[in-house]
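Heads up: the structure comes next, in structure tokens.
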Amino acid sequence: MQALPIVGHLIGGEIITPDGRTQNVYNPATGKAEKSVLLADQRTVEAAIASAQAAFPAWRNTPPLKRARVMSNLKQLLEQHADEICRLITAEHGKVLSDAMGELQRGIENIEYASYAPQLLKGEHSRNVGPAIDSWSEMQALGVVAGVTPFNFPAMVPLWMWPLAVACGNTFVLKPSERDPSSTLLIARLALQAGLPPGVLNVVNGGKEAVDVLLADTRVQALSFVGSTPIAQYVYATGSAHGKRIQALGGAKNHAVVMPDADIAQAVSAVMGAAYGSCGERCMAIPLLVAVGDATADAVIALLKEEISKMRVGPGTDSGNDMGPLVTRQHYDKVCGYVAQGVAEGATLVVDGRNVAAQPGYENGYYLGACLFDRVKPGMKIYQDEIFGPVLGVVRAQSLQEAMDMIDAHEYGNGTCIFTRDGEAARYFTDNIQVGMVGVNVPLPVPVAYHSFGGWKRSLFGDLGAYGPDGVRFYTRRKTITQRWPSAGVREGAAFSFPSAQ
Amino acid sequence: MQALPIVGHLIGGEIITPDGRTQNVYNPATGKAEKSVLLADQRTVEAAIASAQAAFPAWRNTPPLKRARVMSNLKQLLEQHADEICRLITAEHGKVLSDAMGELQRGIENIEYASYAPQLLKGEHSRNVGPAIDSWSEMQALGVVAGVTPFNFPAMVPLWMWPLAVACGNTFVLKPSERDPSSTLLIARLALQAGLPPGVLNVVNGGKEAVDVLLADTRVQALSFVGSTPIAQYVYATGSAHGKRIQALGGAKNHAVVMPDADIAQAVSAVMGAAYGSCGERCMAIPLLVAVGDATADAVIALLKEEISKMRVGPGTDSGNDMGPLVTRQHYDKVCGYVAQGVAEGATLVVDGRNVAAQPGYENGYYLGACLFDRVKPGMKIYQDEIFGPVLGVVRAQSLQEAMDMIDAHEYGNGTCIFTRDGEAARYFTDNIQVGMVGVNVPLPVPVAYHSFGGWKRSLFGDLGAYGPDGVRFYTRRKTITQRWPSAGVREGAAFSFPSAQ
Amino acid sequence: MQALPIVGHLIGGEIITPDGRTQNVYNPATGKAEKSVLLADQRTVEAAIASAQAAFPAWRNTPPLKRARVMSNLKQLLEQHADEICRLITAEHGKVLSDAMGELQRGIENIEYASYAPQLLKGEHSRNVGPAIDSWSEMQALGVVAGVTPFNFPAMVPLWMWPLAVACGNTFVLKPSERDPSSTLLIARLALQAGLPPGVLNVVNGGKEAVDVLLADTRVQALSFVGSTPIAQYVYATGSAHGKRIQALGGAKNHAVVMPDADIAQAVSAVMGAAYGSCGERCMAIPLLVAVGDATADAVIALLKEEISKMRVGPGTDSGNDMGPLVTRQHYDKVCGYVAQGVAEGATLVVDGRNVAAQPGYENGYYLGACLFDRVKPGMKIYQDEIFGPVLGVVRAQSLQEAMDMIDAHEYGNGTCIFTRDGEAARYFTDNIQVGMVGVNVPLPVPVAYHSFGGWKRSLFGDLGAYGPDGVRFYTRRKTITQRWPSAGVREGAAFSFPSAQ
Amino acid sequence: MQALPIVGHLIGGEIITPDGRTQNVYNPATGKAEKSVLLADQRTVEAAIASAQAAFPAWRNTPPLKRARVMSNLKQLLEQHADEICRLITAEHGKVLSDAMGELQRGIENIEYASYAPQLLKGEHSRNVGPAIDSWSEMQALGVVAGVTPFNFPAMVPLWMWPLAVACGNTFVLKPSERDPSSTLLIARLALQAGLPPGVLNVVNGGKEAVDVLLADTRVQALSFVGSTPIAQYVYATGSAHGKRIQALGGAKNHAVVMPDADIAQAVSAVMGAAYGSCGERCMAIPLLVAVGDATADAVIALLKEEISKMRVGPGTDSGNDMGPLVTRQHYDKVCGYVAQGVAEGATLVVDGRNVAAQPGYENGYYLGACLFDRVKPGMKIYQDEIFGPVLGVVRAQSLQEAMDMIDAHEYGNGTCIFTRDGEAARYFTDNIQVGMVGVNVPLPVPVAYHSFGGWKRSLFGDLGAYGPDGVRFYTRRKTITQRWPSAGVREGAAFSFPSAQ
């Protein structure tokens, strides 16, 4: 039996593979372990931090324009290597290739935004805050910053963080998910090729041990996290207790509201992708559809059933498939458990995806077909919990206000959307709903890269969102200078003509 | 013996004085207890939070222009009542009246900034983030936010916080220092008079118990704190553990660097005010002067001695005095202890203010004269600790780099300044120093109200500074809307002519 | 027979009344001449320019915060003197008092915006545009700038201009309309009282001769104009030929589009005020209503007739009246001529206001009742020309696209609005229409003071709109500084310890 | 004898070479005509305008992100084709290749800035300008805009204009200098290759006839011009008379002030490049050095003489040369005439470059060596006129104020710089000098691409500078939308549940 290839760390510009604990990386399409990823211990994480610390002074002083150009170069390289990156995503995460390409594309948009650094880093200058006194602010780099990212977007979420952080002059230690580390690592190596000096970006693979080092080490100035809410809260509390600036993005349970006046066919088509795309393993997925009025609900259910019947489930490498496998066996079991629980709680299981047939050669993959519940109610676990699987629940409400009250009562406030053509309904909804990212006839209202990403309530801990303007603010530290010059005597006087020796 | 007047709370637009624990408020000029302040228990703080919560929906929906106008009205009222406010400050804090007036003036500038709310709250709008898809951000109010403020600026520091917070649409619970609460409370009452609806601003007096309620109550969305570093860190960690957004400003030990080419007389004159003004009880005071070169140090010491000899110490109500008393007996003892320790540690006590003579009728006041040390060294406690008293230490360095290394090695990074006429020295200093607020020939580089206040290192926990642009960001929550409208069919088609029944 | 009171000029802080040409100022409610206004000759205008020029250096160097405070003071004074100002407006312009109050209120909002000057004047600062090279921009004052304003808003339009201009550090020469100069002049005197130094704002009354001096004098750096399109174009061409920066706002013919799905009653109610308020003498009035669909048109006409029948016309001093007189006898004749022409051109005169009965004592006033045409068509003069009177024409279109094509084909592009509840229709309209200010269910979409005012096509000559962000840009001149400091040798070397002689 | 290659126009994505007038394009290094450029007549220019007009609707609706990506692509292509482009510049303009590369690099930076379009085009959004009323601004494209550019930067100056204009959604007609059109045209062809749709950028070669069409045609919304002041003023006046928005950048005569405390060697080294680089044919060249104090002047002159003696003059293709030829024979004669006039006026000709020896094979090139005058005085023509040749004049002043008074009295106010190490002198100079672009120890303070370029006085006609933030504002038209939605009745009521037919 042959040893699995080892996935190492990137520190100081080199891939290193020290001895130590490892964990298998599985291909969810086949259920086979194909690689083994190193799990960094304290010493390795500290080496990464030290590397970043050493690279900081020179990188901080590199003009923003030059830092930005590395980002432009990287963008080109990612476009050239897109297929290779996406194949790695699919092989470790399971999502279909077109989905991987969509993720990479979104990540590239964040690199584009990072390449605006000269514009984004402008401070504010005030002449004459007092007589002949000027004051201005500079948004300076923090030093070493860290990022901890989840399995579901191994390319995109890291690209929300480090390109902007390094474009702002910081150096970075990234800990991606240990379940699908390879695409992340490839992108980091391409960044070196794009001109990023060694040590500016370091990648350590690992688990909680590695995260705890990053949270405690005094050299790490700030940390961005994306993951589940309990871990996000742990990260926020722990990092804050160590005096750091932390932004921690957690879970979600996004509701789509369908109004009676909506274009129902268009709404259903949009929700299909939002509910089942990437098997629902997205923090901006739509696992709940609130239909306003029973007639609306009936029409929605009928159309959804029809659409689901056309779906194909199978390995992500086959682009004819709509859904690939779930990410792990354990996650598969957990999602199936929620389906059973929904039935037990009294929701109507309209479509049961648990009996999906495996394609030949993929019998051990973690495939689950689309599941659809009707008559889901707020008290149920399948309403409350983030399932992160291909399970869509339809909730019936009698008015927009009832739908909004449900949403506002939910623990999470990441994203939501409304389908309507009525301007007033849309404005009332977007203005009042207690959710951070709101779509109007847009099912996945992920803000574009030049705006910022951030939920409300227990979907985000911290005051600044990810990427965009908030990202710039998070990755910089304000310095305010107030300046006056002493009396004009020197300028005017004889003393200004230097001593006779000249 | 007559009961002392009671200082109550302001909740829901009314001054309330429930039964409960109290604490004496002393006049530091005489050492006499003159008032008794209520210390809020959990129930009282929760009543304040409930009042703020109730006032939120209507206030949030009040157009920013109208909220801003309340701030303009308040500005006028503060100008009309300035004498009364300043007399309260002096009677409870001790600082001389002109100093109190300076503090109030700075606070009014923050109100002016808050009155720019319509401009400050503009979000970003992007047309065509995709085909016929628009996206924009709104900076919405958080809900109930809280502030906890220190004794040293009872008027100004609260005005850093709540005017901007309420101008942004939030409602507020303020817990000022229990040592000098009266001016804070008067200003709050004037805000009501200016048109602030009851419940939008609530003031509770109290101590740690009250703070802990504010940190834990889930209705409080965010909290701003100014105080000492240990408490700031406690507040940051505790509030963060409760999932809140927190900004916590802590201690300082600000160095002034005097270069050999500086206008020494101007530098010394500036440092005099920065070191001894308000008895050094300011987080932007200058307790350390780093002289570059022994000749510079000698010249500086000589001039300082001369200036100190002209100083007058006495009650703050007499505007002929340069310094009033320290804030409390305990604080007086603590500062005197530091002076003794400095001598013990080997620093040269050039001027000893401990023997200052009390003015007749003020024998029990907490008066300490200006103290001046030469040859203070980084290892000493009087170098490391924030003394918060009229104690200036001169440190001798042989180069600017040595001076900067000292500053960067210090725990705090609030403010600093350099005295020089050399452009290159100033730029090198301001660019590289690890301090958040930097002056060039400006001894107290407190940013003006339309910039933001914030130290680095252990002087600030959080990612956003106080007031100015950072304050706006802290007191608002980003909501990003992405909008497309369904097909033009309705607009173009016959269906748009509504059914005949209408 | 008694001489009429003389309306003079305000130059250098003094009202002056030099000998020279005059013109009567009439009360349009009675038709009686009540004052005589001086018409400045070249010498007087040059004196005003010289006064402004002399005041410039000190005013430019006054910190923006102090300049802003004068604006805050002025706001208070205008609120205190509102009645007096509005009575002057009504006495000379004719509009009803409540209308005058609305105008003044809008003007005050511009003063509020001007009081944000410290925020608005921030430049952009870039650290390290190259190695150790910084660059920043300052938005500096221009010097002497001028404004020429129309009769229809004697308080508001001047307040669009000079408060922002002087808050930016400029000094100003204002030439208001010679038909109703008194309220303008009173406001200018209150500005002096608010603390504006003499010479910073100068007011000269006059006509074309005065304007031509302002356009040609090399000391005048920029000029803002609001008036009719032919004069606007003359001003733009002439001032530009003299090398100046000019913004010249001209005429308008604003269309309101009413869609079949609109709340017709609400739309008609809104259009009533927009069409007939201030007798239609507004550049943002709605003289054309485009009804989409004949059913819509019929419903609109029916409701308009009913609403018009309730209107009262009479002197503006009686707040029970809906409309006051037109501004002059000549203008009255001109508007009546247009009504006759509309009939001749074939439009249907549904309501004829020409026979309105005068109230007793006001028989010589210039009263014209509301006129309503149906079936107005693009080829007609009453469609093409800006009538500036209480004449509303209804145009019938069969689709939104037809309505938009009409609007886009019109010479003017100042304002427009659509009444609908459909989000897609609103977005399509606002996105594509060739008009600068667009309302959705808002009949007079005059941007608020913290946005900017400006039409498209022949409604604005120049690239920057009035007031708001564009106003700031117009009244400032960019200066960009690029700075590096010579080698660190001086800082590091012995030479920095100055020669022993010191 | 062989016909010269024809340089045609680029219209609608095709190079066209219609019959018509032509003009020779010379290689200034050899004096030989090497190409023949077509001079567009009215018909050709109108075809270009029509092509741009036709391309506008689709391009305007292309999301800014996609437009920006074309710019990123173009950047890559220019880097790949840099040698080819620079050889064309040198062959037609004469400047040395390294200089051409510098010019191209600056142009590429403007393309980088244009690629920030999604960020740059953000409008301002205000929630609740009134109750439930929102307002926002969109910066929309103008339509067809034009640019007219000078011979001295055939790559860079066009790249100041059209990339930003098209990134903002406009379509463009460019008329480059007819003396060196080939590099401009090559870049335009590369833009097509980068993905710019045909018709979005059109290039017409020609002279005044072509410009006059662009100024008069009503389809052209705006025009940017860079050239000499008399033509700039003609363009500004003429375009404005046609109601267009115009920015016209004119001539310069930039002074460098050298203070006694400056690092003289560094200052002289910097001025050498600024005075003689590209033969002084730059609007940001330094043709005047004001030395403060005679000792300074003597030291400066001595060093300049020494540096000049080391210079090499010859064909630009040889990168060992410091200066290439002047652009044309006529220009050579004009510059020589100024040298003679300087002598006649009484200035001291310290170095006479008129006798420079031609390198073998280049005897007919237009070579002029560096000329240096001492004791130039404000009254002289060589002080007042923009010579645009390798002629540096030293002026002697006795104080900084005297130097500044000279600068402020000069017709032009494009750029200036000061050499000093004194912070106060630098601040006094930058604050008060009447010049738009100011350097501190930076001889050519051309703002970086993310700031804006613009002189004061007669160096710029218009209110907005070139490129950077001002460029964005120039190439966009503000549209302000004010929106409210009709009553919630529809949302709340039964009617919202659509008719039973559904």
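The first chain written gets the first letter, and so on, giving A, B, C and D; residue counts start at 1 in each chain.
As a working rule, a contact is a pair of C-beta atoms (placed from the backbone, for glycine too) under 8 Å apart; a residue touches a chain by one contact, two chains touch by 3 or more.
Since the structure is predicted, the reported quantities are computational estimates derived from the model, not experimental observations.
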Counting a repeat as over half of the contact pairs in common, which of A-C, A-B or B-C repeats B-D? A-C
Could you see whether C-D or A-D has the larger number of C-beta contact pairs? C-D
Measuring centre to centre with CA averages, how many angstrom lie between subunit A and subunit D? 42
Taking the mean of the CA coordinates per chain, how far is subunit A from subunit C in Å? 48
Once you find the CA centre of subunit C and the CA centre of subunit D, what distance in Å lies between them? 36
Could you tell me which residues belong to subunit D and also touch two or more other chains? 65, 118, 122, 124, 126-127, 129, 137-138, 421-424, 426, 440, 448, 450, 483, 485-487, 490
For the subunit C and subunit D complex, residues of the former touching the latter: 124, 126, 129, 133, 135, 137, 222, 233, 236-237, 240-241, 243, 245-247, 262-263, 266, 419, 421, 426, 430-431, 435-442, 445-448, 450-454, 456, 458, 461-465, 469-470, 473-474, 477-487, 490
Once bound in the complex, which stretches of subunit A touch subunit C? 61-65, 118, 121-131, 136-138, 140, 420-424, 426, 440, 499
Within their complex, subunit A touches subunit D through residues 65, 68-69, 72, 75-76, 109, 112-113, 115-116, 118-120, 122, 127, 132, 134, 259-261, 293, 295, 299, 399-401, 422-425, 427-428, 431, 448-450, 483, 485-488, 490-492, 496-498, 502
